[in-house]
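Below you'll find the structure, written out as structure tokens, and then a few comments.
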Amino acid sequence: MVKRLPNILRGIVPPMVTPLADRDALDIAGLERLVEHILSGGVSGLFILGTTGEAPDLSYRLRYELLERTCRQVNGRVPVLVGITDTSFVESVKMAAKATEAGAAGLVLAPPYYFPAGQPELLEYIERLAPELPLPLFLYNMPSHTKVFFEPQTVLAASQIKNVVGLKDSSGNMVYFHKLRLTFENRDDFTLLVGPEELLAEAVLLGGHGGVCGGANLYPRLYADLYNAAKAGDLAKCRKLHRKVIQISSTIYSVGRYSSSFVKGLKCALSLKGICNDYLTDPFHRFKAPEREQIRQYLAEVESDM
Amino acid sequence: MVKRLPNILRGIVPPMVTPLADRDALDIAGLERLVEHILSGGVSGLFILGTTGEAPDLSYRLRYELLERTCRQVNGRVPVLVGITDTSFVESVKMAAKATEAGAAGLVLAPPYYFPAGQPELLEYIERLAPELPLPLFLYNMPSHTKVFFEPQTVLAASQIKNVVGLKDSSGNMVYFHKLRLTFENRDDFTLLVGPEELLAEAVLLGGHGGVCGGANLYPRLYADLYNAAKAGDLAKCRKLHRKVIQISSTIYSVGRYSSSFVKGLKCALSLKGICNDYLTDPFHRFKAPEREQIRQYLAEVESDM
Amino acid sequence: MVKRLPNILRGIVPPMVTPLADRDALDIAGLERLVEHILSGGVSGLFILGTTGEAPDLSYRLRYELLERTCRQVNGRVPVLVGITDTSFVESVKMAAKATEAGAAGLVLAPPYYFPAGQPELLEYIERLAPELPLPLFLYNMPSHTKVFFEPQTVLAASQIKNVVGLKDSSGNMVYFHKLRLTFENRDDFTLLVGPEELLAEAVLLGGHGGVCGGANLYPRLYADLYNAAKAGDLAKCRKLHRKVIQISSTIYSVGRYSSSFVKGLKCALSLKGICNDYLTDPFHRFKAPEREQIRQYLAEVESDM
Amino acid sequence: MVKRLPNILRGIVPPMVTPLADRDALDIAGLERLVEHILSGGVSGLFILGTTGEAPDLSYRLRYELLERTCRQVNGRVPVLVGITDTSFVESVKMAAKATEAGAAGLVLAPPYYFPAGQPELLEYIERLAPELPLPLFLYNMPSHTKVFFEPQTVLAASQIKNVVGLKDSSGNMVYFHKLRLTFENRDDFTLLVGPEELLAEAVLLGGHGGVCGGANLYPRLYADLYNAAKAGDLAKCRKLHRKVIQISSTIYSVGRYSSSFVKGLKCALSLKGICNDYLTDPFHRFKAPEREQIRQYLAEVESDM
């Protein structure tokens, strides 16, 4: 059963981590528990095969398996969005076809991330790719990992393409986000989501449409509540929940060194809560005992007044 | 007459542009008009010799003159903060002495900006410098221009020094800002101000203490109103004024290429409004006629529904 | 027939462009001509599926086809090196198996290029991957595209692994290259090749073992001659040929904007010389008529005194 | 007595460290010893108040004193070049006047280093500044510290200005250096010097005119010999001396963390050899005992086969 993308997507769309049992094997029971855990939290969609999902590090075989199993498990309860970001145009098209077949509702695309493209090259790339995709497409601005920014003019031009329906901004640059909001203020059909969960409160308070919050793997209700509070203008609640989000970011995501700390911390916490395995694919690896113990303590602190 | 820094500085502290008549001459009448214009807008302080003030590009002689004239003109109506950022420790100390003598209320310090220092080096630098300063000190995080970030641990350690009373964050990185807020949530005496005016609304809505908004040279009341609305939790007003701020940023500050667009646009607008000369020091120069005409149109648009 | 990697690889190993007839189709006749053209120039090996080969942008199907056809065409005349760089460990292992099967002599690996790994993570990655590879492995330092540098200590540690036999440095940082040379001065079995052809002369004059010169697709003899002159210490010849290399770089590779200029210029020149098609995969595209005409003129200039 | 700049400057021009007794006091005896030590090594000039001289970190008073004392000590034996790089145009002009008065032979200018200028802004800046300078001017490309690159077209345009006579490139980017060499191959009057001493050998072997080698404070003869060997095409000697240069860089300059290691190591070594004090200005400080002991051992190793 397929849940089509609503005309206007709003709210929390968690970027699901990929539960792994081994380098090339899904943690199948963990995946089922994780999907149920997330859906229980009042989210508006589910985004798989993104950065938090370690997509580029997975074999294609495993990506296809994850896609099928997740869509089957979700079974139309919320729309499933699928990352098709790839350095290869042909592999992106193939992944889009698989996603459509499996019953996904939409696609998410960051720029090809090996060669840094200029803006005209990037626009031409989207103009050629979008017509080959059978589903609505979200652009995904992720300059720290792709080296390339979707400049506002490029987004505006791309938004003229029929199936380009929104953008997820993970740049962390709220000046950029606000300028996009102003550019699209009369385009309610063009959805603007924010990536870093630490910025969810302000993005929604000031007109953004929702967030793709990694922490919603762990505490989906927290982020959904924060979204709802921000949308309703309940500032007191917003501040309280935002504080919790920053606390999570300052503790659970900050145990390791290097940029892998976020996914490592998140998977470790999910494992400690019995939801899924914390296996990470190369080049990363799960936390060892001391870091795991630290995460356990942080979880207790975070949950003490939740 | 000196206005001492209040124990707890809150609100809008505009970073004043430096009105120039020539490469090494102040526009003295313009300076007087500008100070009066800004003070009429309900601001909480005045920050001179910062980035918006083109401080590093001015001769020391002119910096001292600006300092004296501004303090005299303000005459204790609001506290005057003075940038002492310098690559030379000795020159920073000297500027601080001059500021004290002139009646300034506080000092502002970004890292030395030629050699990029490591965090321990940066902390040691502050630990040596602060005791030599006769006034309260704000740290100034400005990585795009100084190459160096004030890491949260460095800020925390520096905040133990007696006269270090706050930080102005111009990184544009709100994740960082929120983490600092959480770190200092029980330290009401440590003031956290945000630099980019596009981020004022969210910074204050989520607990920040105010902003150092360049646009307050032009429209001081707009930023003061936005601060007050955010502080009071008047979200509807906040969104309306925030939209205006983003409109200004997307138009008046975006005419030229290069990072000099902001100051060029701001000075051009001030000149068009008859407040002060738009002369810029080297390596920059005022806009020519076509850009000036563009700014004139943008001003009309911005003010049409103000 | 397989040409095994010599114990000590030295000389010019051109990174072959991938002749394409369409987005997912090889230019088969062009590929054959190109291989013959390159081999006629006195090169020491052939490197396929690297950056110049647009490898990350090709479908896996096409990569495998290229691999088989190239090895068959080369037929053991020189060792074939195959890029196995991938964000996915599993796909790298698979590509290595295919390469071995096809008769390749060695493998080339840059860091996974989506998530930026820390140095310990990077070393652990190589330590896990190398034992799964049936052929000798060259590391490939390419920070502009992978975001990650192989720090000297990481290279030193990795060089202890049995089948890690050398490094290709495309950082353009000759201080780094010289330091690596000193580190490995008593390790003649560890081959150090330089990537940017503009640095071939100095790399070899000062002890490096050769170069992976993109221009050798076009003028293989020029780079082989330069290598031989540098190795023989014929400085006059070296300067003359180096000048030609810089002239090529300043003209043929500098027609377009953006970082794609190099491959675009190279493929355009190969097309003009009737060697192979100049089709480029997305997100890039071949030069249009005006740029092509410019390249034609540059070719004439370059060849006027060759 | 003044030594005017020769029409065509060639060879080694050491960037002198600034011997300090305290934060704002010269080590006068050390300065005299250092000048004599350097001049005894066969150098072609002396460059003061550059990056190695910690110029931006010194008070202006001390800069002027250093300028006068150095020129007096050198007494026309070699041309003295003086860094006038400043964020303030007016201070650059003032320093140039002081330098002229003191008997300097030339000036050295990197881009203003607080605000990053665009290339047209940078060119206009030089076009306005150069006519105000009474001495020949070298451009100084130092992007790691100034954030701005002198693009080749900017250098070419600037070289049309009467008193712009050369460029010192400290980018470490030899592709850039070689392209500049080709651009200026028929302009023997435009001197191209390389900054990083690790690149001296190749720069001169391939047509560059000399180097501004920090290590020549310590071992002036080594760098002068290397320059002469490279210029004479004595490749065997060149390789031997180049190896020593890389050894120095890999040991003495690599003791500390952070980018300050180079100057710290150099001053420590000079102190150990009894030449001058190792005091460094803020934000940096001299090595403590353990690092000093490490440098002592490295010195012994370096000198064991010199």
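Here the chain labels run A, B, C and D in written order, and each chain numbers its own residues starting at 1.
The rule we apply is simple: contacts are C-beta pairs under 8 Å (C-beta built on N, C-alpha and C of every residue); 3 or more make two chains touch, one makes a residue touch a chain.
The shown structure was predicted, so the numbers you read here are calculated from the model rather than taken from an experiment.
Centroid distances built from C-alpha atoms place C farthest away from chain B.
Averaging C-alpha coordinates per chain places the centre of chain B 35 Å away from that of chain D. Chain A and chain D, compared by their mean Cα positions, are separated by 50 Å.
Residues of chain B in contact with two or more other chains: none. Screening every pair of chains for touch gives A-B, A-C, B-D, C-D.
For chain B in complex with chain A, the residues that touch the partner chain are 172-175, 178-179, 181-183, 185, 196, 198-199, 201-202, 205-207, 233, 235-236, 238-239, 242-243, 246-247, 249-250.
For chain D in complex with chain B, the residues that touch the partner chain are 23-24, 51, 54, 56-62, 87-91, 94, 111-118, 121-122, 124-125, 128-129, 145, 147, 257-260, 281-285.
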